[in-house]
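After this come two complexes, each holding subunit A, first together with subunit B and then together with subunit C.
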Partner chain A sequence: MRLLTHNYLQSNVKGTEKGYPLTIEPTKIEYEESPIDMEFVENILTKIDYSALLSARNQIEDRCHSDLGSDFIVPSLPEVMPKRYSDGNSKDDKIEEDETNQEAFLKSIHTILFDIHVLEGHLVCPDTGRRFNIKMGIPNMILHEDEI
Partner chain B sequence: MSRPESTGHASIFYNEKEAKKYDSSSRMIGVQKEITERAIELLRLPAVSEKPSFILDVGCGSGLSGKVLEEHGHIWVGCDISRDMLNVANERMENKRMDVQRRHADSSKDHQMETHSDDDDDDNASSDEDEEDESSNMRNSASTGDLLHHDMGTGLPFRPATFDACISISALQWLCYSNSKSQIPKKRLTRFFSSLYQVLRRGGRAVLQFYPETAEQAVLISECAAKVGFAGGVVVDYPNSAKAKKHYLVLTFDKAYKAPQGLSDSSLMGKSHQVRVDKGNGLRSKDAKRSVRKKNRGKTKDWILQKKQTQRNKGRDVRPDTSYTGRKRRDKF
Partner chain C sequence: MQQQQQQQPVHHHQDHEGCSLAPPKKGNEEESCSAGAEETQPDCTSTTTTNNNTNTTTTTTRSKDRRDRQIIKGEPPRPQCTSTTDSVVVPGLECIHDFITEQEEQALIACLTGPHAPWAPAQCNFSKTGNVKRRVQHYGYVFDYETANVLRDRSGKDGEKAWCPPLPCLPEEYEGCTDDELSCFIQDAVTNANGWYVLAGIIERVRRYKFVMTSSQHPASTTSRMVLHQQSYRFLNQMTVNEYKPGEGIGSHIDTHSAFGDGIMSLSLGAGCVMNFKKHTLGQHNEEEKEELKTKLVYLPARSLLLMSGPARYTWSHQIVTRMTDCVCGKIIPRNTRLSLTLRTAIELPSPTNNNNGNNDEPCSCTYAKPLPAITSNKFPPTKWGDDACAVSHEISSSSLGVGDFATPDTEKNHVHAVYDAIATQWHHTRGKRGVLWPRATRFLKELPKGSIVADVGCGDGKYFPAVWEAGSYVIGTDISEPLLQTCIGSCIAADSNNVAGAGAGPETRMISHLKFGLNDRPAVAVADCMQIPLRSNSCDAAICIAVMHHLSTFARRIRCLQELSRIVKRGGLINVQAWALEQEQNSRRKFSGTDVFVPFHAQPKYLARNAVVSSMAGEQEQDKKNVAQMYSDAYEGAEYNEEKGLVVFQRYCHMYKKGELEELVAHICSLEIVDGGFECGNHFVILRVI
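Take a look at the complex of A and B:
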């Protein structure tokens, strides 16, 4: 499960007020490098929930250190997304941002969204505490009879 | 045993053995690929070079349709109720990953050759080569898909306006069969469609190919979709062919949408005509050998002699060949 998918996952168990974002409790993580498409990452940025991404990143950080070795560093992300991405179409706006900073930011986003896979672990609903387990990279979101 | 849906729950029918069989049948792969391509065509997505889309694949099974989505350059999330099918999909993505890694390892040694072969592989007439290279990179990379183990009849576990589009290949009809007392088809269908309405972003579209057992089923499905607020219609391809007939439920938010005309292959009609009219010679392409042997539904002398020889070779007791062998008898009928 990529963090990109996690950013959209929500628990819709009956009676849940807000089953988003799900807390990740990873027990096994894998890293898979993939080629970066800068434009695509920029597009995606306008649609993801940044705060959820931040908390997800923090939740997987420890596991990354133990599973991927100490030389692997989970890229850090600023507390607030750079302004040019938080609005819808502000590409033409002020280009004061440093080009290299921008590129570094996009690269970090790409790594975190696409390249880190949670293979085993749990997703926990922040509202009800309901746990969904992840096996072989596939989260099990099947609801019980009484949760539909 | 005509329809898998009547044998039981999808996760029971698509067990490990069935899942492997499904994924290894070349005919199945071919058919599913065609259907997926047609569904993508009906989606009318913006060009991938402009903006790859985030697509939901409902009932993704062993990832056959996901693979086609990837080849088009999209990012997808698939969900299915059968763990075994998802495991097969995982395996396929694993293999692709390993292939890609091997390829990267080889090509990094010989960079020059790679740029040449890249140009050959991309036979798109695009003036901007750089863009083409980049998107082909995404395509050649490991899978851009993610899998979810989930029952679509209980709603979709995503936050609102997540996806640009949704496809479903040969899965929707499973909602029409109830596998336990608590499962009511109409309720499950409504639940599915109302959550689909929420997770699609406005302006998005869904194309769901399904196999209705009866006309009532097709109507039930369309009605449930309309009730939750979708506009759209059912596109039927090849309506006159029992085998090739395919139903695509196209759903949009745009009330002014008009469903396009389904495909109908007139040559398909022509061929079936031919087979019926010239029974004797029409099967030429299919069975050339047989038409040589057969002569006006009878058996030629050559064939008889050949047959007798093979029987002799087997060691059977055969009458000797004489001038009477295979002679034309008086027409008794």
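Take a look at the complex of A and C:
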């Protein structure tokens, strides 16, 4: 499960006020570098929930260190997304960003969204504490009969 | 040689009310109480030369003779039946051929063996040696095999045991309609594949039928029969459906006098069979009488209606011998699965003053007992045995659908989820890899803006993923089947410059350009129920839901699926829904005779996970083929093993959509508008926009 996918997942357990975002408790993580599609990443930024991405990134950091070696560094992300992306494809920059910062940011986003894979672990509903299992990178979101 | 002499005498249930005839023996409607049946476990192979040796030099005359007459070793002898016309020789017995048309027959079979068929739970047989094995359904009143009587108290002390679905009846506006109106109603029902309406119509047709009662002084000569009067049986209030698989039969019996009034009708569906009738009287008989008492064989063709009245109902027993073939007018006819639909009038318990003293030749006074009240319903499908769900209501407003209504019904658990779990590997190999993608769906995905987030609800093995990726978008797939989702992983082949096969990257070939390879190895999928899609609201740019809606068994669930799709897609986003059409194309191999059907899937054992278990078990001992079949059907509940083809046959529940039905469903959801719709490759589709 990528963090991009996680950004969309929510819990629908009965009685949940808001089953999003799910807390990640990873027990096995892999990293696989993939080619960056800059345009795609820029586009995606307008659709994701940035604060959920931030929390997710922090939740997996420890596991990344143990599974991927101490050499691996999970890119850090600013607390707030650069304005040009949060306004949705607005190219009229109020604040001038310099090119390298922009590119670095997009690369970080790409790595975090696409290249880190939670293969095993749990997703936890922030409201009810219900745990959803992840196996072979596939989260199991099926609810029991008393939860629907 | 008459096999019947070897059988046990007829069983007539002793009524406490005192209309016994023969001394009571074993039970009434037992499955196979004739002695012959126990010994016969005929080879399931119905071809002629099974056990006869094929070495021509040592072929004996006798075995050759047996081969010529297609005798199967171990079967009871097969007497000649010569009665195939109305010239039946049992007083009170009438056989009306072609009582229903072939189309009506198909419609009835489709609903009575379809996903909503209310099969009764296994009941103990009369002699308490075990359960009645053949499948049965009861409508109106339960017939209890253990006591060989009708359970009259549907509510109270008999409790759940006495419950069964009501007898199907016509819609209110057709009550008291003319015969012509009834014909039109039935014809419309056939055309619209409304099996339950066809059933209600046919029951009414039986009720109205004017049987011609004749004398039968000279049975051999039809010209001497006199018309006595006409009779209709308007108070029919009980129906039992029996499924007779080849080789199954029913022991010799007379229907309990105190349970049912005069006039018992049986409609044969799917196949014909020979029925044996034998008169039972006490005392000495002269030669002429003995001749009359010989067993009579009557052939009941498919679609015929058999009436047993007067002596045929009260004095003569009937039986279907358990064997694999019948011989009718010199021709060997193999038995096929036959459904018998028996209509009767359940009556109140006769009061003590009503008895005669069991005079053999006349019906006793319980024929004059009052019929029980009719328990009928014109709502379909009938609720299942012990299950309150399933009522179809077309006035559900969106807000009244509570979340708790969406636990998976058994039909879908057993005939959708379990099936896909079992066949996942083969599904992926045969449909997925060389998958057929519906052109409209592929076009839909190509036309989405690049960089869209697409939800594929019910994605199966992910066969539409390459189309999304090639279009530059990202897909999150959900499906109820974990095994099927696991086949998504790494299922595509990279198209690279060394690819000699020549086919370039593209969704049809499942080859994707190298750029997307990371996506293929790890597709974004989650196990989930489409009733509760685990995606946040208004998050996706688009959604597809292909070949999912036809596996949803109720109206409420179909609405819910559309609501969920509408919830997860942002305003202005598009949704493509596709489902199987009732109207198939001209040359299609598929023919659906009902709106809710079972569609078989033939699985090769090598692809089945439990095949390993079955094979090893079969290898340990010298099991004959029949036991392998049993093992497969045990390992996969509800699946059958087709020995001839060596395949395990699963039955998938499907609801076939009529033209406009998807649009009708969408009309219930105010947040969706229809942008496009149509028919392709046996599917109806709609393109929707979230507003």
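The definition used in the following text is that the second predicted complex is superposed on the first by the 145 of 148 C-alpha atoms of A that agree within 3 Å, B and C clash if a C-alpha of one lies under 4 Å from a C-alpha of the other, contacts with A are read in each partner's own complex, and residues count from 1 in each chain.
By our rule, contacts are C-beta pairs under 8 Å (C-beta built on N, C-alpha and C of every residue); 3 or more make two chains touch, one makes a residue touch a chain.
Keep in mind it's a predicted model, so treat the numbers as computed, not measured.
With the two structures aligned on subunit A, subunit B clashes with subunit C.
In the overlay built on the shared chain, the residue A:S76 is in contact with neither subunit B nor subunit C. By the document's definition of touching, both partners, subunit B and subunit C, reach A:N43. Residues 1-2, 4-5, 8-12, 20, 32, 34-35, 37, 39-40, 43-44, 47, 49, 136-143, 145, 148 of subunit A lie in contact with subunit B in one complex and with subunit C in the other.
Those residues of subunit C lying in contact with subunit A across their complex are 403-404, 406-407, 450-451, 453, 472, 474, 476, 478, 480, 482, 485-486, 489, 515, 517-518, 521-522, 524-529, 531-536, 539-541. If you check the complex, the residues on subunit A that touch subunit C are 1-2, 4-5, 8-12, 14, 20, 32, 34-35, 37, 39-40, 43-44, 47, 49, 114-115, 117, 136-143, 145, 148. Listing the residues of subunit A that touch subunit B in their complex gives 1-2, 4-5, 8-12, 19-20, 32, 34-35, 37, 39-40, 43-44, 47, 49, 136-143, 145, 147-148. By the touch rule above, subunit B contacts subunit A in their complex via residues 51-52, 54, 75, 77, 79, 81, 83, 86-87, 90, 97, 134-135, 137-138, 141-142, 146-151, 154-159, 162, 182, 191, 195.
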